[in-house]
Each structure stands twice: as C-alpha cells, then as structure tokens.
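Next, two complexes with chain A in common: one pairs it with chain B, the other with chain C.
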Partner chain A sequence: MKHIAWQWLAISSVLIAALAASAETRPQYGGTLHVSMLDAPLSLDPADRATPDSFGRRSLTELIFETLVSVDKSGRATPVLADSWQTRGGRRWQFRIRHNVWFHDGSPLTAESVAASLRFANPAWNVTADRDSVIVESDLAEQNLLADLALSRNAIAKRDSDKLSGTGPFHIVDWQPGKELALGAEENCWRGRPFLDGIEIEMGRGFHDQMTALQLGKADLIEVAPEQTRRVSQQGQVLVSSAPMELLALVFGQDGSSPDEKSLREALGWSVERGSMRDVLLQGTGQATGSILPGWMSGYGFVFPTTADLARARSLRDQTHVSANWKLGYDGSDPMNRLLAERISLNARDAGLSLQPTSGGNADLRLMRIPLASTDPWSALQIALAEIGLPPMESKGHSIEDLYAAETAVLATGRVIPLFHLPVSYASVSNLKNWSLRPDGSWNLGDAWLESARP
Partner chain B sequence: MSAVSGSYNLGIPNAISNSVSGVPGTARPACSGMPVLVLVLVSIWILATPAAAVDWSVPEQQLARKIVAVTGSGPMALQFENRSSIGRRDSEIIENGLHSTLETMGVRFSEAEHASSSVTITLSENLTSYVWVAQITKPGAETAVAMVSIPRPAWTGSALDSVPLSLRKTLLWSQVSPILDVAVLEENATPTRIAVLDPEKISVYRSQNGRWLEEQSAGIVHANSWPRDLRGRLVAARDHLEAYLPGIVCHSGGSLNLSCNETDDPWPLLAAGLSGNAPVFASVGSSGVASSGIAPEQAFFSSARNFFNGTLTPAIRNVSPGKFYSAAAIAHDKSVLWLFAGVDGQVHFFDGGPERIVHLSWGSDVTSVRTSCGAGWQVLADRAGDDVSDSLRAYEFPDRDPVAVSAPVDFPGPISALWTEARGDTTVAVAKNTETGSYEAYRVAVACNQ
Partner chain C sequence: MTFRRKLLAVFSLTVFLSVAGVALLVLTVTRNAFEKTENERTAALVAQFQREFNRRGEDVARRVESIAASDAVTRMATALSGTPADSAEYFDLARTLAESYQLDFLELLDGHGIIISSAQSPAKFGYPDNAFDSLAGLTEQSAFLKLEDLQDSTALGLFAVRAVRSGDHPVYVIGGRRLDKNFLASLDLPPDMRALLYQNRGEHFSPEWLLDAGSGTSRPAEKLSGLVDAVRRYDQEMTGIVNWSGDQADQEVFHAIPLRGVGKDRPLLAILLIGNSRRQYVELKRRIRDAALLAGGGGIVLAILLSSWAAARVTRPVEQLAYAAQDVAAGNWNSSVEVSGHDEVAQLAESFNRMTTELLAQKERLVQAERVAAWRELARRLAHELKNPLFPLQLTVENLIRARTQSPELFDEIFQESSRTLLAEISNLKGIIGRFSEFSKMPQPQIQRVEVNEVVSRVVQLFQAQLKAPGRSAIACKVELDPSVEPIGADSELLHRAISNLVLNAMDAMPNGGTLTLGTRRDDRKVTITVSDTGTGLTREECARIFTPYYTSKQHGTGLGLAIVQSVVSDHGGRISVQSEPGRGTTFVIELPNNMEALRAALSNAERNATETPDIRRNVAAQSASVDRR
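Moving on, here comes the complex of A and B:
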C-alpha cells in the first residue's frame, strides 16, 4: 500500500528516474532522516523577522509548528489548527480552534495561546480569544487573511522565556543555531505520530557539499541548485522540484531620482538576455520573466516582455543626459550569482551602461533571490514588496485587473527588474518514501518514511 | 481566497456537500445501485464533454465590453491564443462567442493592415481561475491590457476501469474523508444497504430510488490520537456490526447503538466465509459453501502503528510470521497455506513445512477469496510501485509459488485497505483517488468467464 500519496503534483514537476526496484509497503516506522541545507537560520521562532525568509526556514518551521489554516495545491484554504471559520464582510474573522491538540511541552492548544502567538507575530493585528475561538478584527476588509494565516511566519508557537513549543509532528531535541538541529517524533501529535523517529538537519552546507553528502550516504535529503537539476535527474537520482516560485531579480536600493535615471533602469531591463542566460547558465531551469509574480500564479505573466531589445535599450540610454555607472551587488556564497552578475554586466555594457559586479557591501542595485511566500498572488506580491524594500501597496479592489494594475505600478517605479522564476529542487535517497513539497516550497516530512527502517 | 460572509469554511470550494443525507459532510454516493454499464457510459460522456455545461457568455460579454471601451467600434484585427487547460472544443466556443459578442457591440473585423486596432486575446489561467487577457494595440499608443477571471470548476471526472475482466471492480462508495472499510449489509442485484467505517464514525446508508440516504451514524469515541496510516476493519455479523481500530473495538447493538472500548482484543484475520460458515447479515445470505478446513483466526494489532504485531490466536503450529501488514489463507493440498505480507517487504509463506520468505513484487495488502472459479481459491495482492496508482491481481498456487491468473485491475490511487467480505468470495478495496483526493471503496470480484 502506498497510502499517503504524493501531493502537490498540480504545480510541481516531479522527476523520478530509476527508482530502486524494491517492494512497496505500507509506511514503516523508525529511522532517522539526515537532511542538509544551505540556509543557516539563527532562530527557529517562526515570527522572528530578523531571520530572512527562505525555503529552508519554512521547512524547519513546518516540521515543528503548524498554522491555523493551510493553502492546498489549488490555492484554497484548508483547516489545520482551526477546524472552521467564518467572517462578516472580511472585517471580523472567527476561527474555531481544534480540540485535543497539545503543544510539545504537554500543554493544550487554547484560543488564548493561539491569540497570543498571532499577536506576537503581528503586533498590528487586533486578535482576541473568545471561548474556543479566536477573533481577528480590522477596520478594513481583510481579503487575504486566510492566505496570510497560512504563511509559516504565522505558525502557532508557545513562547516560554527562551523555550519554543509547537504542535507539529516533530519536537526540538537539540538546537545549535545556524549549525545543526535534531528533531524527535512527537508521540502525541494530533495527526498521529510521524513514521520517522527523528530528523537531523545540518545547515550552512553549500550545494556541492550537499551533493557529496548524498552520494556518500551521509545525507538522505538535500537541496539542488537550479542549474544542477537536469544533471541530477540524468544521474538517476530522485529529484523533486516545486513550481517556479523563487524570483531572481535586480533590485535598486532607491527609487529613480529623475526621469533620466528611470530611463536608464528601463534600458538595463531591455538589455538583459534572459533566454540565453537561462539556457546556458541555468541549464534550462526556471522561466524568464518580466513580472514579479509567475504566470502560473497570476495568469497574466506573459504580458510582460522577457526578450532583450538592445536597440531599444540604446535608444533609451541615448535619450538621457546622465550616464549609468552602477555597482551590482550579489551574494558570493553561491557561485551562480557571480556568473549571472557578470553576464548581466556584459549585456549592460552592450547597451552602453556601466555595471560593476561586486560581492561587497556597497551597491546601487543587487541581484536578489526572493522566495515567494504564498501561492496566493496578493499575499505573494505584498511580501515580495517587503523583501524589495517597497511599502505595501493599497489596492482599490481585489480583481485580476486590480492585481495587474498593482504589479504594473510596482514595476513602473523602476525599483525592480524581474529576471527569472526558479523552482526549488531537492534530491533524496530512493528509500525515502512519501515525502512531498508543500505549495510554499517547503518539505512535508510528516508522512515520510524510510523503507530500510524496521518498526 | 475570498472572504465569505456568515458560513463556516465556505472558503473551501473543494468541500463537497452531502447530497446523500443532507447533513454537513463530504460523503457522496457512488454507484447508487445503478448498473455498471450505465455508469461507464455516463462517465465516458462526462470525460468526453468536460466543460459542456459551462456558460462562458458572461465573461465573454465582460471582456468584450472592456475591449470595446479601448478600441471603439472601428475595424479590428483579432487574434486568439489558448495557454490554458481549457480544451480545444471550449476554446473554439469561447473564440466564437467573443467574436459574436464583439460584433454585436459594433466591432468590424479586418486584416491587420486595415485595422485601427489590433487585439490579441489569450486564454490563460492561474491556480484558482481562468484568466482571459486582451492585449490591445492602437497606432501611436502603448499597448493596453484588459482582463477578466472566471473561477475554475472543481474536477468532476472519474477514472474509468478499462481493464477487462478476470477481476471486476464496482464502486461502492466515495467520500472525501478516509474510508477504512465498507460492509455490504443488504443487496439485490447490487448493494442496497452498506455500512462505512471512517476514522470518526460508522455510517449506514440505504439506496432508495437510485439515491443513497444516510440511515444511521454513530461516532467512534477514542481518547488518543489515531496513528498515521490509520487502519480499521468492519465486520458484519448476523445481527450486529463490529469495528476494529488500533486499540479500540466497537460493537453495535440494535439501531447502531455503538459501544466502543479501549482494548487490545485481536482482530479477525480472515473473513468468516472463508471458513465456510459465514455469520453475516441474514439479508446478504451465506456463502453456501462447505467448511474449508481453515479455522477462524485472529491476530493482535499494534495500537499505535499500522501493522499486526505477529501474535496469532489461536496460535498455529509452525506459523510465526513476525510483524505483518496483512494475511491470506487458502486451502491447499489438504493443508492450509498461510501468506503474510511482512513489514520487511517480504511475503512469508507457511504450509506446514519450514517458513519460506519470498521477495515478490507485491505491495503490503494481500487477502484471499473462495470462489467457484479456477482452483477455487485465489489470493489477491496489490503491487509494489509508485505512490500515484495501484492495481490488484489474482494469484493461484498450483505448486508452491504464486501464478498470476488475472490481469491487473487498476485503481485510481494507492490502495489503503483490502479486506475480504464476510461471505468470502469478494473483497473490498479502498483507494485514494490521486486526481480528486477522495477515497473510493470498491467491491472486487473474481469473474470466471475469462
């Protein structure tokens, strides 16, 4: 029996090659899963805003904590710690809290503990407990509240001095910030004890080191760099990729101060040869984009051009009375960032723009990777704006045209030049069964099991 | 995700209202007693016309109005592109509809060189909606964009069983929440009264005039959380039901008064009918077969896991299978052959001699049936494989090793339960449909006309 099926197939690509020919059985209990990851978060608190959002951080959060609701593969809210909800016009939301759920410290999940957690994560929210329900109120209709509550940063945590407790399938056994995390199976998990006995996660490991660890049998689940996904699948390893939901973009630190500055930024956008960069540097992975939101999320991404137009770029530059002499910053921990930055600089030079790549601190614009936090386009756009450093947008409505107008307005500021949407990819050993990716790109290991384990 | 006023969880469009009983829930009728042929024909028609019922006229008019607001009624060059999952037939319907609607709004169509505006309409989509985008180009002006969105309908198709014949499967019941087992309580040509065991309750449904109505329902009280990969067994005795779940056994009195106790009592390992004396609901009838020589056997199930712990009662001489997921027994050469699908992924055989451990391409669910076909006994086993689909196949044992005697019959997702029905000649197989996410319970019968 293969009871708990792979989920999330609708918007993920699953590349599985040469699976070991062994008998499939019901999920087996036992075993410790060894995971490697690039991120090295210093805090496990889901609401800690000092720790940047990343797919790795989301994965860790969702092993330990749970949200009130989650978003399924169709983008619809489904109950988790809230078993039902209702709203009056979007201004007052009432969530009934699931009974018979316990934190890892043995205390019960209550409306008070949920309200306290949400207030901690969102100081501006008006959250109160009312018997077995939590009430969220605001002056304006909160159309996106369900999507926001599904974000891992709104996972419900109990904070006692420096001790964190969640309701997820695994509890913290040992935590060395930024280095290692050991998790144990939570026997009293309301969804049932997970099949794995534990998970050991090594952090801050580069992609190459992770692949070596997988090949040496020291890791069971690793991250794969976008440009390596094709090679990994050709090597016959189990590879799982999300929908393209990481935005790679050029982000300026300041608004364009003059029409000339905006024209030069527009010229830079037209100069970038996304197609060849994708084909060569990214080995065909991901999608070239001219929009912040990927097309599968918005439905209109194709409207924004992605092909380079050098003549147009030069024309725009020639119309200006200033010269572009920018420093392009990038994160040097990933060699791909340097290659991309150098290629973008070459394209810019062809358009008569000067762009100097640097992995140092001072830069006019940066090559940024922005993990889109939600499959809900409105939530994803708002959070992307925060990552870019732009204020939240105020939309007049909630239609698809309103969304398009909001995104167009953001792009018109010249603060961001979208380049690619990349999937997040993972490779695993063949005897790791029944694990999947959530719509937000994080692992779902609650139902995973190791075939070699013995109950 | 839209805000919904006044109703719990109406923001979950996938939740299916209960057309069976009218009470909140997600159950929906399966076969409703309809002949299988009719069901298949209906299913073929549904698959062949996936969106025939969709009325596109409203979004057509909305988008046309937005286009005309930009272009006016001058000559227009119009192009269409379909980037969505909308099928070709519907795409053509939409294209024609938009064409007509624009014409009724005064738009004249022409070649690009004679047009005052050029419009490209793209049918696209996102996770929740179809998105129709019009890119409008007029000389000397920037490209304007107009769009409308239309909520995408829930998936309504169903998998078709196109695999003939030795094994026949008939859909008994389907619901969104997990099905652990189904027992047929009454039947004529098709089941007319069934009991469905799910993690929280036993529900009895009766078919009336082609519709399934909930007759009774009783909750299963349990203090502890269920283990993942929850399993359960529903046994229809002569005048009551018994439900076995990890650490819990429930007995129904009259009118489905359910009494559940925390207990480690063993579960029945084989259907009563396999012993030749099936004490089933009288209206179902007995199997009418002679004693098989296989004694009723029980086994202890781990209260916090998904397997039997290996202890049988009464103990069988020379049979010690270790932990196992499922078991089957067949009368074989005046002895009994026991098979156990072990948690080690191997099949353990006991036939009076030494234990044989064989690595077969089977999954972890096996059971046996006693039929009037072939050798009279068959073992049904699911297959090892991926997590997306599954199949069952019948095997016989002319000698010591299994020989496949049927083609595999496919299921729309992994099989999560496989129990022989009380009479012993059919099984209930539950699969989780990977397309719809619903659980579907099938009766699987061996047909001997092949």
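Moving on, here comes the complex of A and C:
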C-alpha cells in the first residue's frame, strides 16, 4: 500500500511538472528582439553580388525574403513560395506560385513578379511567367536548379526603385547600411504573423562585444566565435550551432606552376597540425578536414588525411630545388585568423618552409573562410570553387563517385588546402524561445517568441 | 708714439690684462665647479635611473608572483597535475592574465618547458621554450633581462620566473614587460634627461636597434655608435659626450650601461644610454662669459677713458717741457714752462726753467767772451798785419832822415828809392785794409740757376796758368766732374769765389808741387764739391779751427779765406768739412743743396719786383723758363 502511494505521488508530481512546463512554453506575442552580428552588409538586396555571402547576410535575407523552394539537411527540396513544380528532363522546370501571398508593400505575389526577380538575380537564365506558374528553361539539364533556387541570393524580391519588398515574416522599418536594421512583424505574412513585434539588428560588432552585450542584457541573440563555443556552453548560456558549414582553408592565388611548387604546397599541407589547432585554438570546435565538402555532406570526407606528417613534409621539401618563401594573408578583423596563420607558419617552419603571416593585401596564399552555400553537395562545391577562384566542375551525373572525382581533381591543382569545417554558433538569452537554425546556418526567427518575465 | 699714447696704451693694457685675467679665472673656477656639479648630477641621475630600473624589475617580479599565486594558475596547475591532463582550455589564460596584470609577456610552461599558454605568441602552444633550461633555476631570483622571440621579430624585456607546484607537476610562470619606447617614456626621469636603449644585435651599430622615447627630434643616431661600440668592446659602463650639432648647447652627456642577460656567459643584450643635456650648463656658462665680457669690456672702456684723462693730466706738463726743450734746441733759450703743483714733474719744470735761465746767462757770458776773444784776435791780427808794413815804413822814414843829415848828396836817390818803398808798403796796408773791408761786407747770395760743373771748370781754367807758373814747383790738376750733377740754385760768383779760395789754399799747401784734384758728385738732393791737395796737411787742432775768422796756419795769411768760404757755403744752406792728415794732404768737401725751392722763391720775389722794373721782369721770365725746363 505504501509502495502504491509513493507511485501515485510520483506520477502526480510528473503531471504537475509537465503542466507547468506546458504553461511556460506557450508562445507569446510581442517584444522586440535585439540581435548583434559581426557582418555589416551594405545592401539587403539578396541578388546584390557585390556583398559577399555570409551566414549573417543569409539570416537577414531570410527574415525579409523567401525563396521558391528550400533544401532540408538531407538535401531534399521542400516548397515555399512555389507550392509545386514539375520538370521535363531537367531542361524545363515549371513552378506553380503559391496563392494569397503578399509582398510587404501590399501587392500580391504573382508569376510575373517572381520571374522578374529571378531574371534580375540570374540574367543568364531563361525565366518566363505563364499565368500562375514560372517556367525556367535551359539547353542543358539543370540537375541543381532546385538547390540553386533555395539559395538566399535567389530569394524573391520586389524592387521598386530603391525600395525592396519581400514576402518574409518581417518587413524593413529602418535600414542604416552596415550599421543597424530595424524590422517589423509582417501582419499579412502568408505563414501567419510572427510572434515578435520587431527585430533590431546591430551590425559590425566583434565577437567579444557581442558577448559583452549579451551578458549585459543589451542583446538577445549573438554570434559566437568557434573558439568560444565551449566556454559559452560551460557558462550555461543557450548555444545553438549549425552543422559544420564553413570551410577554413589555405587558398593559393595561382596554380602550382611547377612540380617543385606543387611539392612544396603538398609539404605545407602535411605540415599543418590540424588536430592541435582544433583542440587548442578552436577549443575543440569544428572538424579537421582534408576535403572541401564536409563529411556529413559528401559522405567521403574521412578519405582525405588530416593528421600532420612532418617527416613527409620535410621529405617533400628536401626533394624540391626551390625554396618556399610565401606570404600568408589573413583577415585581421578576427583575432583567431591571426592565431591560425601564426600557428600554420610555425608548423611550416618546422618543415623547412618559410611562411610569413600578413594581414596586408599582397599575399601568395590566404587563409579563407568560405561559407558553404547549400546543403546540396554539388551546389555547395560549385559555389565554393567560385569563391576560391576556380572554374566550375562539370559532371555528367550527380553520383557520389562523380563528386569525389571532382573534388579530388580540385585538390590536385594545389590551389586549396582544406583545414577545418566549422559550425556557425549563436548564443541567446534564455527567454528567447522556439528559434532554430536553418540547414544553411541562417536564423529561423519566424516562430520565435520572447518569454516575458514573471510579474 | 707720443708719451701720452704710450701711457694710455700701458694703462689700457694693464686694465685689459687684469680684467681678462679675472674673467678667465672666474670662468675657469666656474667651469670646474659646474663640471663637478654636472658630474655629480649625472651620477645621481644614473643612480636614480638604476633605482627606477630595479624598481621596475621588482614590480615585474611582484606581478609574476601574483599571477603564480592567482586562483586561475593554481586551478590550472591542479588540473594539469591530474591524468590525463588537457591543457587546451588554458590556451588563452596567459593573455587574459597578462592583460589583468599589465604584463607584455607571459608564458605558462609545464614541468618540461612546454608552452601551455603564451600571451605574446599564442600560436606557440605545445612548443618547447628554448630558454627553459636557463630559466628554470631562476624561480627565486629578481627580474632579469631576456630576449624574447616573437613571430617575426625579437623583443627585449624585463622578466621574472616563478613556479607553481601542485603535486609533482610544476607549472612555470614567466612574465615580463617589454623594454621599448613606452617603457623608456614611463620612466620618471628629471627634465633634460632621457633614456635610450640600444638592443645589441648584429656585429655593427645600426640605428634600427636604437629605441628612443624622445619627442621625435631627428638626431643622427650614428653619433652614438662610438660609445656603443666602446661599451661592446670593453664590456663596461662608459661615459661620453655627443655633439649633435656645432652648437655646444646641443651637447649631451651619455652614460652607457651594459645590460646583460641570464645564463653562464651572461650575454650583452642591450646598452642603456642615459642622456643628460648640457644645454643648461652651456647656457649658464655662456651667460657667465657674456657677463664677464660685458663687465670686462665696460671696465676696459672706462679704464681707457680714465687712463686718457689721467695720462693727459700727467703728460701735459711733460709735453710742455718737451715743447720748451724743442724751443731751446731751436735756439729760443728764453723758453720756460708753467710750474703747477709740487710733484716730481713740477720739480722737473722748475729745474728746466732754472736750466734755461742759466743757459741764457751762460750764453750771454759766452757771447761776451767770444766777442772779446774775437776783438782780441782781430786786434792781434790787425796789429800783426799792420806791424809788418809799419816797420819798413819806420825804417824808410828813419833812413830818409838819416840820409838828409848824413848824406845829402844821396838824399834824392835815397828819397826816390824810399818813396817807392813807402808807396809799396802803403799799398800793402791798403790791401790789408781792403781784405778786412771785403770780409765785413760779404754780400747776400743772388740765387740763380747754376751749373756747378761749369763753375768748377771756370775756376780750373782761371788757375791753369798759375799752377804751371815758372818759378814754382808744378802742380798737377785733376778734374773729376760728375756729368749727372744737375743745376742748383746758387750765386755763381760767390760759389766761384769760394772754390777759388779753396784752390788758392791748396796751392799754398803745396809749395813743393803736388796734385790738385777738383771733383763734383751728385748725391740725394744735394751736390758735393771736393777740392783735394797732396800738400802738408793739417793737424786735428788746425782742422777744428781752420774756419775761424782770422785764423791761419800760414805766415802771411789773413785767416779770412776759409772763413769767407764757410760764409758762402752757409749762405747757400750747405756745409763744408775738412778731412786731412799731416803729410798726406787735405780735402775740403762742400755739400750744397739743390736749392730749387729757394730759387723759385727768389724768382717769385723777383717777379713781384719786376712790375716796377721791366728789365728785371725779362730776366725773371728767362730764369723761370729755365727752371721750368728742368
């Protein structure tokens, strides 16, 4: 009997706790979310190619604009502004536009407006409107069209002179390029009004300043540098990280002109202690890699070696008849880049290579951070190659073997030495609820809400 | 130079030397005193700097000790003493602690000298510290110098090492502060003093390694190379003066202190240069010098003025005496000076006045005496001259008287003969009287243009017959005329008479024949005429008196010939002298000025008079033309 009483007591306690928890997680409307970010884009136009791609820019774009389709973590396309699509052999794609969708200026989303937006973003595309559908045609089969349409740069925007309108959950209230952006909740959003009344985004803030702002209550959502994620999580802050979506690599400005040059580059690749750099400098964040695409995306990342082999590096160095005397450029705005560059320089010195870190513009190779644009491996690879400065790879099929062959060919050029794949991480206040990251690393704040303090 | 100027110069020189000596003495004493003070000040400043340097070292050691005792390092040491040890999370600890404790360098090393965390080279985690072996034993020591390897350079710093032990695994804390411009600038140094640091790299001096926390004034660092090289060579503290420019005020005294690192050989890592500007000292020295020069100059000027006044006061009676003496020398024996005061100069003036008075009296007496002597001589000569003809006269008259009384038959014949004798002697008396009369009536020379050689030639021609006259020994005549002798202003007739007298005199001196030599010679602004004979010559006494009137060495001479010659020569502004030795002959030398100014003056007077006499005017015109042609 006593045992049964104890069971009832336990069950009732659990029920009470569950009810209490249910009451706390109930969405609330209202409130303004304060966000800080490192990037400082000068344009909100998703098709503006002068503004480099970044996770921050993607986040801003996807708060205001929407794409026809989106790609989930496994690379499958899901409908957004296009509620259905069909294709004929990949050369002709027809997308049926969703009804009852309105731009922020009050005008309806039409096939013509969608076609105009896509033509603006991709002048080479053949895009036409056909009643409530948009047709994209090409001479060759476009196997990656859905992944391309899911890129934020292909988000649908209505451009009236210098005024931009999207269909996303927030509209632009105030915009000071590179400094601040104020967004307001879009009442007529086809997905429904977001819970937040508005979002105020402060741009161009360093990681340290962002953390200070979060701790002082001046920011609700901030970016976290990779090396800070462990400390942030140890401090009990809410930390959300994406899959490793950012490639950190050494990129040479030109192809290796001679076998000796290629050997020296290979020696450099073998000299880098990715493991200790990840453990210490990056504080265990990210994955050491020898490939452009992360293993979770390609499935073959483990094939490329990541451990340093100093003996092999020295051997390669000794076989050459020229000396390596390179300048390693890095972006000095992030202190971690300097540390990484100095460590790589030390490793290279151990292998008998001379690598002089510099934050100036004139460099033989650069330490680059390349945000992978898509969870679709082919699309991600092609865009990464464009970022590196290499021509796109052509493939007859889209099999894993073709992808591996393409990536191997790219690495064989000696232009790029992959180092790490890093996740993008954000920390938020504990009362910011129901927010998440999209597969491309951008915020998804459409359903987020701020829990007000108990009276 | 006048006595007054000499006196002034002596006064001024004395004052100048006195002032200059005092100024030099003051400057020397001042310089020595200031240099001593300056050296003491520099020594004090160096000591102050070394105290400051040591204080900074102690400060670094204290900070490192605090870091070693901090909770963070203690926790880390405790965590790393466990197994397995993960040092990755402490990678950034050194940077954080360095910022908190205001250190430029901080490294956390494990017991094997492996870098756990480095503030200055964060990327060197996991690498061994090359200097660990020499540093591990310094955990109890104060701060030391160390050269720290950075990514692409090296830096000098003041370091301290402390160990933190947790179990068997010590953790070493190596912290330091950079010795750079900021460090030098933060030193509490007095004004006019600065500290420079030369980092001892490379074999030769290079301005690149010289750190200066100064105000950026560009000064050639190469000028410090000598001092730096000397310290490197002799490895000891040294002092030197650096001239930054030609201005002494820009000089700077540098005290160089070698700074050594740790280890067995204690390498020379840097040289600390403590500079002390000499501007203040040099400017003070200049002010003293300027003041000395000003005072000296003013004193000299004042001394010159006072000396001038004093010299004038002192020399005025002396000058009066000098002028009076000149008057006396010029023949004005009546000159006297004013006597004022009772000093030595006044006594001298009184003595001078007494002397001139006495001289005047003596002169009067001498004149009287000479006059009496002259009269006596004249009387003697007259008596002598008149006695000779009077005696025959007396004998002739007595002979006539006797013949009248004793031999009247012969009286007529005797009378005739006696009459001739009487007439001859009376004629002789008249001649004597005429010569005296002629001497008393010597005319003033009429200056004309005279060719001296011509006058001499005329004289020779006049006496040519007499020189070779029968009945007497022949006298050879030599004429040595200088053709370059120019005409002079003289009275031709008087000159002719004077030369003629000398020739007659020479002929009288050579009764047994000889050689008569007449010559002329041109000298500077004068003409010399010589008349020499090879006669009996004169004694020294005769030479001294030979021009005295009425003195003669001959039996029948009047003693007026050479007196006339001297009178003529003197009237022409010339002088006559005699050179003679007994038995060797005599030479008379007449020196005549060219007298052209006198000639012009005479012509000018004649021209004025010519307005009254047309003939004279014509004569004057002719003379003027002749003078102008010369």
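Just so we're on the same page, the second predicted complex is superposed on the first by the 428 of 455 C-alpha atoms of A that agree within 3 Å, B and C clash if a C-alpha of one lies under 4 Å from a C-alpha of the other, contacts with A are read in each partner's own complex, and residues count from 1 in each chain.
Convention: a contact is a pair of C-beta atoms (placed from the backbone, for glycine too) under 8 Å apart; a residue touches a chain by one contact, two chains touch by 3 or more.
Predicted, not measured: the structure shown is a model, and the values here were computed from it.
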item: Which of chain B and chain C A:Asp279 touches, first, second, both or neither; value: second
item: First (chain B), second (chain C), both or neither touched by A:Val114; value: neither
item: Contacts of A:Cys189 with chain B and chain C, given as first, second, both or neither; value: first
item: Chain B versus chain C as contact partner of A:Arg230, first or second or both or neither; value: second
item: Residue contacts with chain A in the superposition, chain B compared against chain C; value: B
item: Chain B versus chain C as contact partner of A:Leu81, first or second or both or neither; value: neither
item: Contacts of A:Leu268 with chain B and chain C, given as first, second, both or neither; value: neither
item: Chain B versus chain C as contact partner of A:Leu339, first or second or both or neither; value: second
item: Chain A contact footprint on chain C (complex, rising order); value: 87-89, 91, 121-127, 151-152
item: Parts of chain A lying in touch with chain B, wherever the complex brings them together; value: 1-6, 9-11, 16, 19, 21-29, 71-79, 84-90, 96, 100, 141-147, 187-195, 295-300, 302-303, 375-377, 398-401, 404, 433-434, 446-447, 451, 454-455
item: Touching residues on chain B, where the partner in the complex is chain A; value: 1-9, 11-14, 83, 122, 124-131, 133, 135, 145-149, 225-230, 304-307, 323, 325, 341, 343-346, 359-365, 382-388, 390, 413-416, 418, 432, 434
item: Chain A to chain C touching residues, read off their complex; value: 230, 276, 279-281, 283-284, 339-340, 342-343, 345-346, 356-357
